[in-house]
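One chain, chain A, appears in both complexes that follow, with chain B as partner in the first and chain C in the second.
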Partner chain A sequence: MMDFRENTFRLSSDRNFGKAALMVGFVGLAGCIAGFAIDRDHFFFSYLTAYAFWLTIGLGGLFFTMLHHLTNATWSVVLRRFSENVMMVLLFLAILFIPIIAGIGNLYHWSHHEIVAGDPVLKEKSLYLNTGFFIIRAVIYVGIWLFLARGLYKTSLAQDKGYAESQTERMKKLSAPGMLLFAFTVTFAAFDWLMSLDAHWYSTAFGVYIFSGSLLSALAFITLVTILLRQKGYLADLITLEHYHDLGKLLFAFTVFWGYIAFAQYFLIWYANIPEETIWYRVRWLGYRPLTLLIVFGHFVIPFVVLISRGAKRNLTVMKIMAVWLLFMHWVDLYWVVMPSHSDRPLVGLWIDIAAMLGIGGLTLWFFWRRMASQPLVPVNDPRLTASAQLISD
Partner chain B sequence: MNIKAPDAPNKSEQPLIAGNLTFHDVTEKISGVVESGTPRLWYALISITGLLSLMFFIMLGHLFFTGIGIWGLQIPVGWGFDITNFVFWVGIGHAGTLISAILFLLRQRWRTSINRFAEAMTIFAVICAGIFPAIHVGRPWLLFYVFPVPNQMSIWPNFRSPLLWDFFAVGTYFTCSLLFWYLGMVPDLATIRNRAKNRIKKIIYGIFALGWRGGNRQWRHYELAYLLLAGISTPLVLSVHSVVSTDFSVSILPGWHSTIFPPYFVAGAIFSGFAMVLTLAIIARKVFKLDNYITLNHLDKMNKIILVTGLMVSYSYVVEFFMAWYSGNLYERFTFWSRATGPYAWAFWIMFFCNVVVPQIFWSKRFRAHIAVMFVASILINVGMWFERYVIIVSSLSQDFLPSSWQYFKPTIYDIGMLIGSFGIFLTLFLLFVRFLPMVAMSEVKAVLPQANVHHQGPEAIELETGNVRG
Partner chain C sequence: MRMAKKETKMQVILAQFDGAEALLDAARGVRDAGYRKFDCHSPYPIHGMNSAMGVTRSYLGFIVGTVAAIGLLGAFYMQYWMSAVDYKVIISGKPFNSFQAFLPVVFALTVLLSAFAAFIGSMMLNRLPRHNHPLFSSANFERVTDDGFFISVESGDPKYELKKTRELLQSLGGVNVEVLET
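Let's look at the complex of A and B:
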């Protein structure tokens, strides 16, 4: 079992969760290898879906950390280390991008010269959509994320050893241009890795769409982890019901924001009715109708109705269920974005999808947990820690 | 629990209101503006703005009499200054709602100094905005077609038309903003009523104060209503300009049809709205000596919001240009290339300079605290945001799918006159507001004074001023 030292805010003898995550990860990886052997194309699509799921959570963590610094927030000081640990999974996920590079040929039809040669639209785009430039861009995106995440994390850990005003300033100074870099890298990563699966299709809102899901899932993940720790009796004095109320408000707000962007994108394409744009939704309506409806109701209507009430946001059971549900819906959303480029019908080869989720997920959680256990769970020397713990919501 | 937190000074937690004011000082200062004699300057200003408004209405008469041909409109440019002005003015309003609703929900207490006149600005901007769609229809007596008229009239409004949605969106926006503004003002109106020396004033302010006595129950209901209205107004910040953006984006016109339009328009609206709040705040601060209320700290925060929203707008420009190229679509590529190099390139580069380059100065802390610099920047940004709508509307329309019908859009004296006239109306309303209504929310400002904190143990005793202390 985990052991928690009250005076240092550290987890120790935590090995069990980490071990369990690692085991699950290896089982998933074994499944992935089997999937790779049996249906190589499908494996890469499953892998991309799972990768995008965990990556967007990490990116959401990076965003939330930078937002915290830029807004000078007090309430979220007790959550800061959590969002920092979430953002640090990007370090690990950088390595897991390699299989996607290996699978470019299976995933992206613009990577085949003979297809491009016979396709006037792709020929127009080949300056951007080609394997070499794709890899260079990916290295730039990941490099920027790692630079930001490491810089913020290092300063934050230095603060644990001893507080200096300059640390706070440094984290702010890094976050301000970081936000700008984040916006462009996430957008173009979304264009490259997800939108170009259907290389004919384009939507200017696509980057914002992926970002909205990313932040929502990161908030859900932080909510879930803190509630699970609380159930073991940890940090209950620091992360109080008031913080969950605020997290609930943010989950609600970004549920609405996601719905707003998703609807705007759909609605404008539906209304203008230009075939080269509507095809993307048509494929998802003809073959993936149940999933499309599940996203409409599950990703928006249900969390909207549940989280709107004050009582729900202050009820940890409800919050826990909603956090799990929103994470699940985030995966469904990405599955719905990725998979129609591969197969006409959903849930074919679902076991490979699950294996990829467990594989990447298990390893990512193992990595996450190592971070959690190696440092105090809250930024112990942040001057506003006490004020944050005494938050009164409303 | 033993948290060892060093007692480091936190720069952000300096008092929101400078000058160590008491509750009484606040009442004296803000009510004083309304109660004292009218300054000459005010008469001078309102004469000018009144004349500009008059010019607007004379031109309106000519427009109704002659028709919209007096503007520079032609086919294919069926929308010119009229809709540009509409989008511009609706956009201006958004900062007020963001300050009063979203910043309230985000517990940003610094908003109290600026929310009242920002909300007033919202209402006046929406009034200016509402005029243009109404008069641009050519046959204004048929305007009611866009209203949701009951079926008995045998008119079936086209619910699939964005122009009808505009009516709902702007109508809702105006109603909610007005209610929010008025509700927030009730305690302050009661203060002015209580202090009024003249019987007529007492009666008029008394009517609008709705019998406010400042009792505990009244405050409880007031605060609940305020919270609910903030909650209702929050989606309006996003929805109104999103609906306005659908006027363009539901079409198939290159340069108009873009899925990023709704959030992009919202960011642009907040950007220009904050610039307008800044312009007005700097003037009001100077004229009425409100330095203690609108401190450099407030201006710094507003400039940061301008920088953030300016970057969002810049992001949209980049993504739109990239996507026009990436689409591989000849028409998309042409439209965007032509914007930057074609006949309206001058407008595009004004827009680019004002909206992308100018806000970058706010990366510097020095400029965020430099009044003259931010004043110029705030005006340039609004110039840029007006041109943004002009570029979107006119450049996309004038070079449509049929090159034989292309011709350069030239505004007439009536186009320009009505744009200037709408500023006259806006400023006239604003001048009336600062003269007759409390331009800073006294009751809210008092609540953020250190003395309002129950744990405050300063040397000054807490001064209770009946009816004016919150909660």
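Let's look at the complex of A and C:
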């Protein structure tokens, strides 16, 4: 019916976007430098929030790619290159982790010997929470992610040159242990980088909490990019309304999943009512009440009500708005996780937060867009490409 | 009452088709001829069959949604009434009206009642359970679980006329045409 092999599916003149992203990135970086000079502590917290935002999107892309291979999915073949390009931003973000290592002293109070010496809880935890081991662990997490992402990506690009069944097999074989490693590394990275900001507090659900937001935002990002490309006239025959319907179902499902995990974490702590656990929510209720309520309604109730109907999932305008909204809420969520460790009130020094978002975001998008422009937008030699494009859901 | 009387008089014309593509084309033909009370039978689900048959969206979702809302509000009110109105007990120092403690039951009852509504609603919308159908008197129809593709038109359809309907099915490529009665 359709012969896709004739077509290369490459972006033509849209490299401009990459340049624009790079410009925004540099402006953001300039803001970051100013923020670093004016309020060093705040800069590192802003940077960590923005870094976690873009990193979780990349990790969501890695998860979605592995999920695609493991389930042998057909419907998502047309989306595979998008999620692969999303996961490859991890390569770039690995470099951007260096400022966090430089800011360990500003971010994590467990890194100061004199504080640990006077704190019996931190003293007990110091075997795990110490600067050296923290860096070693970070290198291990990032190393595993890069190994998985590069392995999957290289095989995928080799498939564009010529198809061999062994490539598909290899990607599946990499994904199976990859999924397990992913679960461990993401959980412990969330513990190390975000949860240990308040080193007295702990929650076993925290890793899953970050993961649920991660996959949700990666799906929102993929939805947004494909819709924007569609408006420029790309891939309208391949990524059809049926695919957006399915993406909408996943966005809805992971909105519910996020809500479930977020409530489960809160609920157990509320029920047990142990001060060392409840303090985390108390701080966020006293100083950050508007943000807390915004997250409850904006991250769960509104997307739940909007995305539940079939009509909304098949309406690209609604989907685009929801994708942007969910990405914004993901940032609010991370801000709400990170910032209370630094300041009692929200939105203080917001310009540094925005500068960090623009800086890391602009550079990450530039990196993302370079890959988008240098490779075909879909895996052109995947034998299931035609079947994927002809997806019908009823 | 109405159903019972109609079923005793029910007549069904059954026609067999070559395969999934032929069945889709024939379904479009029957749909375009204006029939509503007809059904397609195949060994496996065929994508696009709903639109080929002109089946409109089921309103089951609205039934489930309504019952889910009842479950949500009912579960919340039940617990509020029990723990904050009727039988107040202090539990680990929490307020009587603690919505946090109610939510797991609210969630569970919403899901449970939704599942009931979905199951019972789909049974009712499909007029199930029923004890027999004229189709089961056809020996050839047994192939539907193996390699047979069929269309059946029921006499309840306003456009139904034995001769015309049979000719329509034959013109669409139907073979082994049978007229079945209860």
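By our rule, the second predicted complex is superposed on the first by the 386 of 394 C-alpha atoms of A that agree within 3 Å, B and C clash if a C-alpha of one lies under 4 Å from a C-alpha of the other, contacts with A are read in each partner's own complex, and residues count from 1 in each chain.
Note that in this section contacts are C-beta pairs under 8 Å (C-beta built on N, C-alpha and C of every residue); 3 or more make two chains touch, one makes a residue touch a chain.
Remember, predicted model here, so these are calculated numbers, not experimental data.
The superposition on chain A brings chain B into a clash with chain C.
Look at A:163: by the touch rule set out above, it reaches chain B but stays clear of chain C.
Looking at the shared chain after the overlay, A:24 reaches neither chain B nor chain C. When the shared chain is aligned, chain B and chain C each come close enough to touch A:271. In the superposition on chain A, contact of A:256 is made with chain B only, not with chain C.
Applying the stated contact rule after C-alpha superposition, one finds that A:144 touches neither chain B nor chain C. After superposition on chain A, the chain B segment that clashes with chain C is 20-28; the remaining candidates among 20-28, 56-64, 398-406 or 434-442 show no clashing C-alpha atoms.
With the contact threshold set out at the top, residues 267, 271, 273 of chain A are in contact with chain B in one structure and with chain C in the other. Here chain B touches chain A in the complex through residues 1-8, 10, 12, 105, 107, 235, 238, 242, 246, 249-252, 257-263, 311, 315-316, 318-320, 323, 326-329, 363, going by the rule given at the top.
Partner chain B is touched in their complex by these residues of chain A: 6-7, 72, 75, 120-122, 124-125, 128, 163, 165, 176, 179-180, 183-184, 187, 191, 202-208, 237-238, 249, 256, 260-261, 264-265, 267-269, 271-274, 276, 380-386, 389. Of all residues in chain A, those touching chain C in their complex are 263, 266-267, 270-271, 273, 310, 392, 394. Chain contact summary for the complex, chain C toward chain A: residues 47-51, 57, 61, 92-94, 100-101, 103-104.
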